[in-house]
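One chain, chain A, links the two complexes that follow: it is found with chain B in the first and with chain C in the second.
Now for the complex of A and B:
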């Protein structure tokens, strides 16, 4: 695990490769193609085998990804209700309606809260845990497993268990609050419109933190310890060391994790759908659940598809921007 | 020097002990929901009613039996395997084949093909899930194990191809050249020389993909609507909606759902973490 992020030492190169080559690298691809000095017969044989080995993959990608993706654009431009075989073309009507729909704005606001808190909290907690674990040797496997484990659980199972923790009557959270004398705060966490979104968000933070933690932990392994030691001798406090010495060195990884959790915030669906279904009274409705209910419960297929497209379009600038920043930083950082 | 070391040592040790104490408490908090599930699933019916969330206050397998028989979880388990295993095999086989091509075998149009595959890493499933529903219906693949397996496999293929290509890219060229000198065909080079060298990567991909497919909720929710092939994830969701008061069997169902995940996680923790770290490139 520790090998996977950026460690460029020779014996770890193989496992490290998938992560480092995070973006498609045209250069590398081409370098394979221009491998010169190959007799023509060999090249022809390679082409034949290459095409044969790729056809099954491309058939699946085209059929179950590219075609529906193209249809998504088409669906958004017509008015399809799931039945009419020749839906009327309506142009941008779906998008115009979308921008005037107060439910969309309410959902967007929830998405924004989700994105900000759902990104910041796992980053802070994950980094804190990773720093805490940094110098720990004994028992490190146990801690790592314990912190990472929630991330691999199915969302339905997570939803079920956290439903009990938030139970208004006998739930652990209310009981814990009562024990420490904060019984007045106890509430039906998922049923109260004021707390529902934050309750589900808390669950999501619990589930994602382990992932952030494990990425930071492996990034910290590559931090230059001599720099940290030197600054310690210079009398810096731990916070200064974190801010000026450690964070700059793990910045590319930091941005990568930010990108992932942020994009996840746009397309969040499973956990909300399972825990609250968007309720109570729309308090946890996000674009994802709204798109789903529009399409599959109200049969407004085109409207739901247009919503899903908007989610993607909203997320892309963030992804590209952060990715570009990350690339620039990692180029500076490693001199690669 | 010695003086400082003598005074520093106990302080450092106390600091480390404190750190371990904190880590143990935090581990417990992180694992608490899992502990709660196991504890509730293994209680007697009576105890669940009186004291549903008290930890390990009694022991019985009756909830597990109820979930397994009355709750249809025996069917769900079978369906989960029927949805996860074929799709995982498909992902590993096709990704390995294509990954090798994208790393080693040039052909006209290869770059375009690769970019189309990588596009699958950038576009969330969400964007095209609605049109895909109608497409599957038109193809007669809605509500079939075949259709859902193909969709699950396609979701995993972009990452799988990307992942396997990286392994093949890092193998030395001398290997295949030597084999070619010995008169090996391109197919033989792929199967006999290259494949054995990426076995470890293939297993990592298999474990990672299996887990993703096992946990997948949206694909069975959307594309297996009749419930004939309902897997554990949507089965548990249905159970939650219908019998949320039956905490005992619900906990047992949850335990049945996550048990394979726990086993896989403990057996292949490193592989999984590696898969997720590489998967991190997926937006």
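Now for the complex of A and C:
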């Protein structure tokens, strides 16, 4: 905070009105007269400073958020094929079409599967690993690095390497299954419509779990051990301790991680695009890949943009809801 | 102090925004008139790009025109090229496909230079059938690309070892596939993980079944795509898969993996195009034959198509230099060079009598020389003649047939719906 906001200048000492105790009333502040303990000149200076400090942020918000958002809304309301410089206005036609497009519903179903499994699995596995590693001191750095490593790898590299692993001709997954006598389970993982989505999802879970694990492990360091020990003395079992003692203390962190992974489920694109391209025959298509193929493979930029806006609209309520819940729990003093 | 802070911050913000606005690339249409940009698709073999650079250097030396060669992966080419052309920052000359989903879309948007007058001026000897593929609204908007055929490569050595003769009809092919399958080898290394291979699989089966006239009828909209012949062609691959003639899961096999299976002798046949001949020559130590996909009553016919060829951006201000470069790309010397170095065949006559090529490629040269011969017709590669919407439906459809997600009738119906869009 600047000096002007904390200590009155000589000028303010000469002109300052007596300061009333309690909250100033908004109606009186709007009247323009000297209502606070600071003179008008100081408040103007503060206003200018405030504006100056917020201009860069506002410029960034306008440039990188509002303008693209406005542009997206515009393109969703016209019929732009990527070439025509003056696309015709079509109103809500793109939105009407997508609600009647069976491929959208199929993609949304895959998104739903991805959101549920792609959120639950990393949370469960990451939490389990974190609990196992909670008391481990020796070699803990190695384990943390090892588990976190997949998260820092580029999604493209992960997709390519796991594509090799799943390859029915050269991949080691089928070879490993053959070796242990489970050859009957071997299949063309990414080309079989019954397994393709789950194979890609498995890769995504592998890549995400390390992040969840590290966050949970950090949160567990702040859990009040006296409560845990007390509950142990009271005869609770491990599940009861987890549910009633540990989880409530790390709940804000749990919700934060849930929010991140869940929103990722709505916007998932890269790993699917790399591994299957949405195939075979749409079996792994999600809204993100369908928006991309509509926009850039079929030159239906406007339809793809409308799909992208729908993804945003679907994701925002979840993000806001979880964020509010997290904030409320934090204000209640619950959590790590 | 506050005022100065305000001014400084405002100035900083303004400078930041101004700097951000000043970082766009300079337009290509200005600058040195003797320098042009040439954009090509990234070749599979990086060495090919170096060869092309060396070859272009010869043109630069002779003409005094500098050519800046750029390459983009095929996957990015469409998006980047369209964006560049629309923004006026496109290459002067670029290599692009000639079908309605490719050059046709750019021509419709007025992004291509009209080369009709240049054809007269330079008297380029392009085959008439090929010129038709780059003619939109009566205007010639580019030079058609290399000629390609699609068929079946087969391992002659393995066939001989198993006592199998070259298939002369569909029944022969099935009998050969059964013998190969029973010997523990994959008969046909069909891949369809990427999806685009499905267009080739349908093209070869359909072309051999209905011939070029039937294909013309389909492509002109006179025969619907849900006709019995299309259904039968789709069903051939479904039946082949169920009979064990294909890998267990073709939609899991990438194009490269399928090629590797053939190179390694793990598969006896490979359904793909003549562009792979260079790779086959480099990677196999057995004798390879190349046949059309057989018809029920005969040997069938190769499906033929045109690859990417040079076009000029409508926004280019260096059209004279660009046309001179295109003239070089249509020259007999360049044609001979592409045959010997790139393994591709230009869409104009080239004296190949003394060309140093493999026997397999010599066969393709002979086959493609019949492209302009109505007495010895060739079939069509569908995806270079149809729209993106149709192609996507075709690629998804063949995958759906192979995985059992849809039957041949359903896919054919989808093809017809997509064709009408």
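The criterion applied here is as follows: the second predicted complex is superposed on the first by the 263 of 336 C-alpha atoms of A that agree within 3 Å, B and C clash if a C-alpha of one lies under 4 Å from a C-alpha of the other, contacts with A are read in each partner's own complex, and residues count from 1 in each chain.
Assume a contact is a pair of C-beta atoms (placed from the backbone, for glycine too) under 8 Å apart; a residue touches a chain by one contact, two chains touch by 3 or more.
Just so it is clear, the structure is predicted and the values come from calculations on it, not from any experiment.
By the document's definition of touching, of the two partners only chain B reaches A:267; chain C does not.
Of the two partner chains, both chain B and chain C are touched by A:45. Within the superposed three-chain model, A:198 lies out of touch with both chain B and chain C [touch as defined at top].
Of the two partner chains, neither chain B nor chain C is touched by A:95. In the superposition on chain A, A:308 makes contact with chain B only, while chain C stays out of contact range. Touch criterion met: A:170 reaches chain B and chain C at once. Touching more residues of chain A than its counterpart among chain B and chain C is B. Contacts of A:150 after superposition on the shared chain: chain B is touched, whereas chain C is not. Residue contacts after overlaying the shared chain place A:281 against chain C, while chain B stays out of touching range. On chain A, the surface touched by chain B in one complex and the surface touched by chain C in the other have residues 4, 45-46, 48-49, 51, 53, 56, 63, 82, 163, 167, 170, 296 in common. Chain C meets chain A in the complex at residues 2-3, 5-6, 8-10, 12-13, 16-17, 20, 78-79, 82-83, 86, 105-106, 108-109, 111, 192-195, 247-254, 257, 260-261, 266, 388-389, 392, 396-397, 399-400, 402-403, 405-406. Interface residues of chain B, counted against chain A in their complex, comprise 16, 19-20, 22-23, 26-27, 30-34, 36-37, 40, 52-53, 94-95, 97-98, 100-108, 110-111, 113-120, 122-124, 126-132, 134-135, 150-151, 153-154, 157-158, 161-163, 166-167, 169-170, 173, 180, 185-187, 190, 201, 211, 214-215, 217-218, 222, 232-234, 236-237, 240, 244, 247, 250-251, 254, 257-258, 261, 265-266, 269-270, 272-274, 276-278, 280-283. Considering their complex, residues 4, 45-46, 48-49, 51-53, 55-56, 59, 63, 81-85, 163, 166-170, 187-193, 277, 279-283, 293, 296-299 of chain A touch chain C.
Listing the residues of chain A that touch chain B in their complex gives 1, 3-5, 13-15, 17-19, 21-24, 26, 28-30, 32-35, 42-43, 45-51, 53-54, 56-58, 60-69, 71-72, 74-75, 82, 129, 132-133, 136, 138-139, 141-165, 167, 170-172, 175, 206, 209-211, 214-215, 218, 256-257, 259-260, 263, 267, 269-270, 274, 288, 291, 295-296, 301, 304-305, 308-309, 311-312, 315-316, 319.
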